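Each of the next two complexes has chain A plus one other chain: chain B in the first, chain C in the second.
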Partner chain A sequence: MAIIVVRAPIPGIFYDKPAPDQPPFKTEGDSVAPGDSLALVEVMKTFNPVKSSKNGRFVRYLVENEDELMAGQPIAEIDVD
Partner chain B sequence: MFEMTDRKPAGRIRRLLVANRGEIAVRIIRAAHELGIQTIQVHSQADGDMLAARLAGERIEIGPSRANKSYLRPEAILDAARRTGADAIHPGYGFLAENAEFADMTENAGLIFVGPSGDIMRTMGDKARARKAAETAGVPTVPGSRGVVADVDEALTLAEAIGYPLLLKATAGGGGRGIRLASNPAELKDLFIQAAAEARAAFGDPGIYLERFIPRARHIEVQVLGDGENVIHLFERECSLQRRRQKIWEEAPAASLDDDIRQRLCRSALELARAVRYRGAGTVEFLYDENRRAFYFIEMNTRIQVEHPVTEMVTGIDLVREMIRIAGGHRLSLRQEDIRLTGHAIECRINAEDPALDFTPVPGTVETLHIPGGPGLRFDTMLYPGYTIPPFYDSLLGKLIAWDHSRPQAISRMARALREMRITGVPTTLPLLLELTGAADVREGAVHTGWLEEWLASKTLDLPLEKAACP
Partner chain C sequence: MTVNVLQPGLSTTVQDLGRPGFYHVGIPLSGGMDRYALIAANLLVGNDDGDAVLETTFLGPELQFLEDALVAVTGADLPPLVDGVEQPVWEAFSIKAGQVLSFDYLRSGARSYIAIAGGIDVPLALGSRSTYALGGLGGYQGRALKAGDMLSVGPAKRPAGPGRGIGPELHPPLPTVTELRMLPGLYWHRMTDEAAANFFEDVWKLAPEADRIGGRFRGGRSPKLVDRPQPFGAGSNPSNITDACYPYGSIQIPGCLEPIVLHRDAVSVGGYFMVGTVISADMDLIGQLPPNAKTRFVKVDMEQALEARRAYRRRLDRLRASLS
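So, the complex of A and B:
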């Protein structure tokens, strides 16, 4: 078991949920599988999902919903199997 | 047209606040400076180094990077206008340009809004009401529901009379957003519920109306200019090349129209604009069904449009200058018979998008920029070498406009200019645009609003990102 950091692939605005009126993609302890959506990054009016490439358990988000992101900025932690 | 010997070419406007960003802010500042007006550029935290902020006489920060905390906040704009002693606000396009409440708030604050009144915007900006206004003015409209549809049952009943396939449109939508295509009653039923929910979430208004879908239609729009009493048209543009309902290539005039249809189309647009006593620059949009030689009103845009330069190139009229002069209190100085078409103009929109990655927008820093030159060319842009394109706004980098005596010559000039243009540091749509200049259907003008997406889907895109370097 090891904690890995998921980074923003592109700069933009960070969203931890698919829509304002919906729950976050993941909360602490949720299982994570490759292909699971972890976040959305809005760049130039388009929404790009950030997906997991690993199996494991979700630990936490490292940025607040609607924060402005730089490319490569850490956005979440996963405890990988 | 005005003479620079006019004592007050801009009328009552002395200090103009530009409530926009990007290339259109640059365009407005240039027009204002030519009229002897002082300019004040608003900017978000992310935009302090944008070209418009550098060109303007003054600049003022209005809030955080996200547009809904800066450019979309009427209070922030009006506060900036008060603090800088502006006497007028130009909204550009997008953001607050078609927000009737903002136009009212501006006037109520004792400032001039460069555009139509809030009342005209409310009539023409609401699609269902605009459609009624068109019908009253005798302008043909696409067969559809008369106004907002109450519920699914009414939609299904009306659809039988309108015919499938049909479009569901959000009454508060725009720019291609909030539109769905239903081919049969089952799809209509599902999509109606979805569309209403989405419209409420996106626009705060769940109103949906129905319209017959016209396959292979062309998008043709007429430019109008009015002073509240007199209205003239400046002929039409064809904007059929669209991707995800966003225009990427526009032309003036529309080569698909003969003189008879052109006259009828422009007269229709004029009748509608006159009926609402239009003031400012506006565009009346139509679908054109070439087979039936029939045109149908779709909507009116109550602002300057992205593609306005093609009209300026073929008429010689500076639309942004005219709209500022009208807002400043001048009567329209042009008569209809003064407006003549000369040659043909094409505009290509250059976006920061990667054609190899399904046109994903990609922000970044411009390293080198070579702008093509020579006769008949114009490049409206906010780029400069070293400029970092922020991720918070749209992906338009600039508009390359080519004019020549005929359409084939204009295409040839556009191709030459696209080959010469060089932007490095960010991926752009330049390779796609260059390829379009060589496409047989584009050269023959045999296109419709679905053509570009069909063409993109039908070919394996082989778009070299590194083009031959300019000499």
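So, the complex of A and C:
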């Protein structure tokens, strides 16, 4: 078990949920599988999912919903299997 | 020579220097948003100024080269990797048959130009290989690249080798606050004196929805306009005018809210007043603004705008001289 950091692939606006009236993609302790969406980044009028490439357990988000992101910025932690 | 697109990146398009001459019939200029970087990438690999390259946006593609090639990446600081090994930007490097070109995270800027010796070989559309995605014209099937696309590259035109680079003194600046010089235009008088002063005083941030069509700027004070009866044919909002041509670089303020600067894939006509036009010498800078980048507008007159254009050309001359 080791904590890894998930980074924003692109700059833009960070969202931790698929829509304003829905719960966050992941909360602490949720299982994470490769391909699971963890967040959305909005840029150029598109919402781009950030997907996990690992198996593990979700730890936490490192930025607030609707924060401005730089590319490469850490956005979440996963405790990988 | 063929390049296999394994991953397309966020919005990677084939671009050259564009297709001027059709704006009056609604076909925009298109072409690279940072023309200096596009030309530099071409010169580094022995291409002509206006050969077709790939323009990336924020996120680089993953490309597998099926034959040996000479490549250069300029523009944003988006570090290229060949089979995972970092390569310099603003310098030509070799890729061997079978190797994969990918990219690390964007460090600064927004758009990179990937030139391959010989140039991307897509059919000419109205005299240009540039992609106008909104109109489905030019480039690779009129659209941004997708995984599985196979790009043809033309034969190399002249000898060039790896290791040839462009010194940092000839890289364009990527400042913390970008100053965009603008020439006030036909509708400048529509703003109150206070609104006009605020426009130049305020720091504006590029909104994340900015694309090749245009960029909206937020964070400054919305302008007040001088009262007038709306002219025949104009809409009811004070920012509406009787439809007029929109120049490349023109700054419109729809609804008197936030300025939008039109760029290479802009619409050509519409009914919003334009306070002025960003000078041609500064249009490249907009192509390198990441979301939320801070900018200020700086007022210049025609003489200063033309001098800035000459200075831009002199910088290109120095670039050429440094490589010959």
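Worth a mention:
As a working rule, the second predicted complex is superposed on the first by the 81 of 81 C-alpha atoms of A that agree within 3 Å, B and C clash if a C-alpha of one lies under 4 Å from a C-alpha of the other, contacts with A are read in each partner's own complex, and residues count from 1 in each chain.
The working rule: a contact is a pair of C-beta atoms (placed from the backbone, for glycine too) under 8 Å apart; a residue touches a chain by one contact, two chains touch by 3 or more.
Keep in mind the model is a prediction, meaning the values are calculated, not measured.
Once the two complexes are laid over each other on the shared chain, residue contacts for A:A2 go to neither chain B nor chain C.
Once chain A of one complex is fitted onto chain A of the other, the partner contacts of A:G72 are limited to chain C, with no touch recorded for chain B. Of the two partner chains, chain B and chain C are each touched by A:I10. Look at A:V43: by the touch rule set out above, it reaches both chain B and chain C. In the superposition on chain A, chain A positions 10-13, 43-45, 48, 68 are in contact with chain B in one complex as well as with chain C in the other. Note for the complex: chain A touches chain B at residues 10-13, 19-21, 43-46, 48, 66, 68. Residues 65-66, 201, 352, 360-363, 391-395 of chain B touch chain A in their complex. Of all residues in chain A, only 7, 9-13, 42-45, 48, 68, 70-72 touch chain C in the complex they form. Touching chain A in their complex are the following residues of chain C: 10-11, 57-59, 104-107, 208-211, 290-292.
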